[in-house]
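Quick one: structure below, then a few questions.
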């Protein structure tokens, strides 16, 4: 309960700081509307049918993207983390692919997949695979050798070793990767929607009801929604981490 | 086929009902935001497409270049693009396509340079050494501003060009991030509310009434579906006329721009031509050759499908 | 280099060359303007990068922004992460903002940044900072929390000074994870450089050129810029993994290998 | 001799609610300055927990600990600990020498001095050759000796050692025992040492504290009346030594058996004062 | 009795180039099925390395190891190991019972059977009460016993134990020693056990292998001619026991001293066959 109180205090301090920055005139209020205005707009969003449609689409795409990310990156990370020659052979290609900016790839992906949701999901997965992949590969390198030796000595079959030894060992750090990926994929989804306007989503909503009409309050209200969604999912994942990985010293607070 | 992901609006385009001898009746078209999408929306609303036996689903794109991949991969049958992009694409041989409908001609109040009130910028030569936004390099705004500067005997390279997107220009001017910017509607009207004013016309003189955007289709599509193309062109004629009617325009514009009705009623409205004109398009090519880095010699006649007589 | 190292070297580049060959063959066969073959890209790269001012106008400034944004993220994120990782109470106060801010797309905030920081390197660096700090911060926090109990007790029993505790114990423990975060941050920095140059008013830079060539359909040059970005990421990663190999030389279970 | 350490009524309970576990129950004893007290007791009885409390690493749930008459709150100054889990208490990123020098660095001891002390400590535990290796390159016994060297190098007034010689061979163990007594004599350190080796407890200690089964309380507090200078062969052959080790063994066996028999009425034990009775009831 | 394990010419060098360290040099011995062989040797001499080689965890740089006449490549079947670093060999995410059951689950033993065996094993090491705790809630000695229980529960044909009783008290140690001999007798397991306790090596073993200082080679291979049934009190008092332990102690001391004196001509030692000579040269 103390923790919740501290968080609340932190949040309120942040909102007050925001409000003050605007009220004092450090930034013009049409560029950065005060927190109070934005919060009122935010409450209003839930009565807006366009917004609801967009939010449903974005959140659904997010769930799909995150699921795909985990399904692709964790097995791949375990594989690359344990098979040295494979990691060495593939690393040049991985290292060339990784810095590719999703925004520059938009037309290429549209050409291949069309401009519906699959494009933004693909781009989101492409961008968010890396944190999980890398944290998993790193975690594989950090497993205590004594633990691995123990598993080997008792002839744990490979598959069982994977589920009962490797995954628990890497889970805390992989989970950090998943939480990073969660925010990255949400960002890529919204940015893609915003830049292409091709699919329904929060990004598209922001463009039409915020950007094009110069309504920064609407932009920020939607931003608050995005941030809140990120917050909730992150907290959920953290809860999972605390519940199931409580034995590990690691396991984030953020 | 997931309606929640794509919003509920996307229609099914699988089955082909053959009616009126058209090769294809279900069409997907890509449109742009703002006034350039108005006529298509009106055609949908008032059934001009249906009158021609067409079932059209429109989809919005942020900019011309963004829609090309969808044209190329066959998801879109027609897309609206600005002509600057189109001729660049032609010159780069990225597409083999023709203009089927001329959608939007600029008028002198629809695309102007704006600056803060009392900024001291009043004419072309005042822009020398100033930071001026042109939305994006090699865009319509860029090319027309350079042409206008040249018309006023100002060296186009004496201005610091900045790439700030049309929607962000008013705030950037107000904050002093830039001195001036080429702006279009509906942002001009919004900027005026925030203390900016038009200071220089750039759709005037050699660029007066220059045509800006239109529907294109791939050559292969046009060859295979001549009747469909003609039907589409016929449907767009009343649509273009309707767009020129402010009351009708106001019915659909808010959906295309996000502006409220009050602002929309103050907007400067473009011209909506009802036929494709090779000479108009040749002017675009000339301006691009002079100011837009286009080196190819293009003949506008080769890139149009004349509008059929109704 | 020993024999086996040469063998590794050969094998990994063999895979890469095979990848290039497949790419060439597929793009030739498909013949799509959006997917030019590598040979065309190479030719376009010559036009784009040489015999003009691309190096000084576009490439170096962009690299500078990436390094600045990423560098600040490291300089701020690592110490902050170490501190937060070891002080759960402070973390409780700030975590909501972190949770929150992390998911906010920089693209939506560009107008605010533009007004607050003006056009130019400052705004671009802030944008890059906005995106890169999270993986570095988060990984560092997680790393800092991983100090095992016996080591904490050892440090306390021997009254290890605060500085030695942070730099002598927490930092080395966190280091593998810090490196993971820095690597992720680096590739995000490159991506955000493109976003910043796309939306932030700049008229030069790698990202600017990438988007310009894309919107004017000079697609083989666009690919040349894309490949340049890849190459940059590759080299940056190579340097980082060399640094990492030095810093983690003590690590028993860790085989970090430079990508070469 | 002044009192160095005074433990009175020490209690510690881990956790709360159903899973709570009382590890230490009502421990009281004092240790004089310069004394070497050995602690023996069954596995899991609470010896390590007690040492942790004395080191200020865990806050006991009851009772007080005083050093030089001051109540211990937090980690006292001038203390060194050899942990039972020695392999985890070494820092894998530091070399052996680095590990030994690490506490000295925090104590702001000049570099040259630090080096010299570390070299000397490593030499005394027979690890000069391994100074530049990393802990994971050492055998278990070598790691344990590094952790002993680290504690010795910091020349503490109070030295807490938790089964410090558990993983070294007999020969080395003898040497380390003698080293420890020598160091204690020279530096006047007070030492509290947990061991499972009854012979060792008598040979090393000036006192032997025998603990009961979990939760720990004091069964006996034996004074070891052997000369301060001891010898591995002659001391171990002396009649006092043999008598004392037999007594410690008896006490331990006794307590264990009785504990099993009387597991129910644990609460009634008031053992710390009942040494005499206990001694009469030998099996 | 058929030969269970045959080690011949075993060598192991860690690392390469300048930092190379030869841990084991030319070890050869055999162990019969059902035998319990104790290994003693100075700290850091290469005992754990040898066990790791036999368990197939590290590939020796030279020599061969055969089990039942088959060369060992990788981890052989039907093997259990108690690691010296017991605390790190327990899975922190499993309870004590979960840790003990772990190998049984891999061996596809039915659930009820598994439970029963784990319960039994934990009971035999005196940890029934701790079955549902997590390893970090246990004392050092308790953790070590969990790791012994895990090894016993899997009822291996070959059991490798690296200082398995280092952290338990004397009383428990005696009980575990007797337990081990009983289990070996009943199940016919072959056991290889490293210890630093000379008494223990003689009391427990059917054979005692004495290793030299690093790099390890065999100094002596002593047959323990005590009856199969042993008793903590009477056996330890028997003349053979006393004689044997004195001999082991002598061998160890000797080797250590000589090693220091003759550190230079290490390469010339051919010790494994020279037990008799060694025995004559007692100090």
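Per-chain numbering from 1; labels A, B, C, D and E assigned in written order.
Here is the rule we go by: a contact is a pair of C-beta atoms (placed from the backbone, for glycine too) under 8 Å apart; a residue touches a chain by one contact, two chains touch by 3 or more.
Molecules present, by chain and UniProt name: A, C = ABC transporter permease; D, E = ABC transporter ATP-binding protein.
Note that this is a predicted model, so its numbers are computed, not measured.
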Number of steps on the shortest touching-chain route linking chain A (ABC transporter permease) and chain D
2
Set of chains adjacent to chain B and to chain E:
A
What chain is the most remote from chain E, judged by the mean position of CA atoms in each chain?
B
Which chain's C-alpha centroid is most distant from that of chain D?
B
Chain pair with the most contact pairs?
A-C
The distance between the C-alpha centres of chain B and chain C (ABC transporter permease), rounded to whole Å, is 38
What whole-Å value do you get for the distance between chain C (ABC transporter permease) and chain E if each is reduced to the mean of its CA atoms?
50
Measuring centre to centre with CA averages, how many angstrom lie between chain D and chain E?
27
In chain B, residues with contacts to at least two other chains:
65, 68-69, 72, 167-168, 171, 174-175
Give the residues of chain A (ABC transporter permease) touching no fewer than two other chains, as numbers and ranges.
28, 31, 107-108, 111, 144, 195, 211, 216, 248
Show the residues in chain D shared as contacts by 2 or more other chains, in ascending order.
85, 88
Touching pairs - complete list by chain label:
A-B, A-C, A-E, B-C, C-D, D-E
What does chain A (ABC transporter permease) use to touch chain E in their complex?
144, 146-147, 149-150, 152-157, 160, 164-165, 168, 245, 247-248
Mind listing the chain A (ABC transporter permease) positions that touch chain B in their complex?
28, 30-31, 53-54, 56-57, 60-61, 64, 106-108, 110-112, 114-117, 195-200, 207-214, 216
Residues of chain E that touch chain A (ABC transporter permease) when the two form their complex:
52, 55-57, 75, 77, 79-81, 83, 85, 88-93, 102-103, 105-107, 134, 136, 154
Touching residues of chain D toward chain E in the complex: what are they?
14, 21, 40-49, 84-85, 87-88, 137-142, 145, 162-163, 166-173, 196-198, 249, 252-253, 256
Contact footprint of chain C (ABC transporter permease) on chain B as seen in their complex:
63, 65, 68-69, 72, 85, 88-89, 91-95, 131, 133, 136-139, 160-165, 167-168, 171-172, 174-175, 177-178, 293
